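Letters A, B and C name the chains as they come in the text, with residue numbers starting at 1 for each one.
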Amino acid sequence: MGSYLLRRVLLMVPVLLGTTFVIYAAVYALPGDPVQALAGPDHMVTPAAAAAIKAHYHLGDPFLVQYWHYLVGLLHGDFGIDLNNTPVSAVIEASWPVTVKLALMTWVIEAVVGVALGFLAALRAGRATDIAVLGGSSLILGVPYFITAYVAQVFLGVKLGWFPVSGTDDGWPLSYLVPALCLALLGVPEISRLTRASILENLGADFVDTATAKGLSRARVLVRHVLRTSLIPVVSMLGTNLGYLLSGTILIEGIFNLPGLGYQVFQSVQQHDGPTVVGISTLLVLVFLLVNLVVDLLYGVLDPRIRLD
Amino acid sequence: MTATTDKTPADAGHPLARFPGYDPAAPPLEVTDLRVAFADRPGRPGSGSVVVDGVSYRTEAGRTLAVVGESGCGKSLTARAVMGILPAGAQVTGGSVRLHGIDLLGLDRRALARIRGRHISMVFQDALSALNPVLPVGFQIAEVFRAHGDLTRRQAERQAVRMLDRVRIPEAARRAGHYPHQFSGGMRQRVMIAMALALNPEVVIADEPTTALDVTVQAQIMELLADLQAEHSVSLVLISHDMGIVANAADRVVVMYAGRVAEQAPAEDLYGRPAHPYTRALLDAIPRRGSRGRPLNVLQGAPPDPADPPQGCSFGPRCALAGENCRTAPPLHAVAPHHASACHHWKEVAGR
Amino acid sequence: MTSALQPTAPAAAAEPAAAGPAARPGEPGTLRRLLRRPRFFLPLGVVVLLCAMAAVPSAFAGWFGHGDPHQCSLEHSGQGPAPGHPFGFDVQGCDLYSNVVHGARDSISIGLLTTALTLVVAVVLGSLAGYFGGVADMLISRLMDVFFGFPMLVGMIVVLETFSVHSILSVSLVLALFSWPVLTRIMRSSVLATRGLDYVTAARELGAGPVRILLRHAIPNAIMPVAVLTSINIGGVITAEASLTFLGVGLTAPAISWGVQLNSAQQYFTTHPGLLLFPALFLSLAVLSFVLLGDCLRDAFDPRLR
């Protein structure tokens, strides 16, 4: 267990290096005056900020040396400074709560609705409820969620006025409800299909007959034996989804004007604010890897047949 | 409603007394004219081929009844119908199953749950798939105690350890926390037995309990079953395709072929004077001392397809004695006291 | 074991007819059986229709009117359906129907091109990693991890921003750059499974070289799980392209993909909902068909994959 953890953490190092390198290269490996290239043609950078950036990022040095300095800074928790000479960590600090709130809310909706629908569909396999769930999830998968989000914003927000149109002025949960629901549309079909398939597989398993033959009530057989065993792969998928959610909220944050990490990174790309892009991307990769590590550890706890070593 | 009227002061104390029809004098398990059919298409259970066709048998307390036959002959499905755990699509289409007089097929799901595990239980063939892979075995045994009694979790787990000890699993207290995959095949089957015998049920059905095991382990498991059966005078239904194992364990034998009872008799009678050509063939196929080097008399051909059963006697196509009268299905003839054979030519078989 | 009966035991132990029979690859008639299922032939029909639309849009665009997406007059700007113009006009006064029909070309081209690129990369890298293992496997697997861990959309936006041209080719390249690991990972494990099979070992013992074994034995037998996923992949790529373009970093104005139409429809949605509705409808229909077709193929040819 300890050695497994160590090995997993060590394996994260090359991945983290690789991702930061790709992003760093894409952002900085541009010809011309580095600061102006970073800033883009329309962006006015104050001479003071330009000097600070040049010094901070060692822009006079070759690319690999710059990257090295950036990595060393990262190790000390230094995400660099942005084009306005404010620390990137301050930008992150301001925007991460928004993304975390949105992602967690979405995740809970996905988990509850997805598992409930999958469970229901499996128990009614082949009947109307099942066909409705399967058909509905196919339909949802077909319509790209940003279209749904956009239409929901216009109808629920602008036309009906039931929910805030955009921004976070109404706070949690009101401002996050519609965005989270739209984002959850991406995960619910997946989760419910996996839950359904997994439950159907286990419903026919011998140990379910054993549990019934022991005289357990139907509810207890379903919850303790069928659901407990069926949820193992679902939990794994939910974990991976949380990783994707925390790093994949750009579109929704953009449409609903939620100033989270995704929104921030998109703004920064458009303003050619390289340091912020690299900083936030690195953070997102790190979070994704950590979430996946936790999921794998959890898998070992949930399924005793899996041995982590 | 009838439960209250049927209750007599004498047996009111017995836990089965609250179910309608309870009769302490009735056989522990009595199956009468049981029929099971599969669905011919999804969603319409019981509409298709008949796989158990009018099976009847009864058990006695403290005795072992063996049900033998090839795989697919309906012996396991009969047992599953008794337990109420038929696979999807299969359905009981006729007959009755009575436990001390209580009609199990007529009980609702909740009443049945109170009887299963407490008064009748089952040991499955493949313990690895019959045990839940993600729950500790101690927990799975404790569930039986908790489902049928007011025990706390702690008490139930202590009882589970006691049961593991009774089925002779070493270091029971430690092993209770282990998962099924951490046990050997024989040990897993002991866990299954512990689970089935936890509450000293009146009837235990053991469905091929030793098929998946080594020969030496087979003997140990059969011995364990016999010991536990003797301790509590359990009525055991042993389902097997192995005439050798049955010979050592059974008091009475039911031979099944193609969903029907071919012959049933006390064990010595059946082994000594079989009265059905199929039973004969089964006995001839047992390797014996002295048969080494000579080919075994193996029955040729395959059992009929339940979806397309032959006219008349279902064994006819494989039978050397088959004649004109085998175009009609033979009824059970009384061969001797407690000995019946479903063969028109039983006299020829028995007299050979 | 005294069971002399086992050899004669019937396989037909009356299996319940609960699960429908899964078609097996290579079994004759599998395709014909599939073609009889509405679940298969309906999406297939739509996919074929859309591909035809992408190949020769002019054949479809002219059904109702002039069919030229670039023949516009501002006097019709934003008008609703009119004779010859069943979907109405966009803000530039162009016929919306012919625009939507022509939009199929860019969206579907990107879907096909990206998936083809991904497939090539997946087969090459997946086979190398799966067959040779060792250092090749380690390098390729770590590279996959890098791209898996990447916030995909962020990565694509950043890389697209550094490109000056946003053509079908460049957008496809970027999409492929970030989506190759999914199929590669499946190809890798598939080849890994084939490598241990007896006939591959036999071929090796007989002195066949690794290239010959890979091309002759391993890849043809390992490619099925990857091949059945391509249709689903096309659906995903079309969505991704539309998302990027919707954000304004994918294809841009002179191009007429569905994403471009959605992007420009955003600001007029409240007044002219049709501008968003019709491209969205076609986009959804395309994605849905590819995904459903892929689902069906996957169920038919690889029941082990969920």
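Definition applied: a residue touches a chain if its C-beta (ideal position, glycine included) is under 8 Å from a C-beta of that chain, and two chains touch if they have at least 3 such contacts.
Please read these numbers as outputs of a predicted model, since none were measured by experiment.
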{"item": "Chain hops separating chain C from chain A, counting only touching neighbours", "value": "1"}
{"item": "Most widely separated chain from chain C, with each centre as the mean of CA atoms", "value": "B"}
{"item": "Centroid spacing, where centroids are CA-atom means, of chain A and chain C in whole angstrom", "value": "23"}
{"item": "Mean-CA-position distance for chain B and chain A (Å)", "value": "54"}
{"item": "Sequence positions of chain B contacting 2 or more other chains", "value": "42, 87-88"}
{"item": "Multi-chain contact residues (two or more partners), chain C", "value": "none"}
{"item": "In the complex with chain A, residue positions of chain B that touch it", "value": "42-43, 80, 83-85, 87-88, 109-110, 113-118, 121-122, 124, 126, 129-135, 143-144, 147-148, 179, 181, 192, 195"}
{"item": "Parts of chain A lying in touch with chain C, wherever the complex brings them together", "value": "11, 14-16, 18-19, 22-23, 26-27, 30, 138-139, 141-144, 146-147, 150-151, 154, 158-159, 193-194, 197, 247-248, 250-251, 254, 262, 265-266, 269-270, 272, 277, 280-281, 284-285, 288-289, 292"}
{"item": "Residues of chain C defined as touching chain A within the complex", "value": "142-143, 145-146, 149-155, 157-159, 161-162, 235, 239, 242-243, 246-247, 249, 262, 266, 269-270, 276, 280, 283-285, 287-289, 291-292, 295, 306"}
{"item": "Chain A residues touching chain B - in the complex, by the definition given at the top", "value": "126, 204-207, 209-218, 220, 224-225, 228-229, 232, 302-305"}
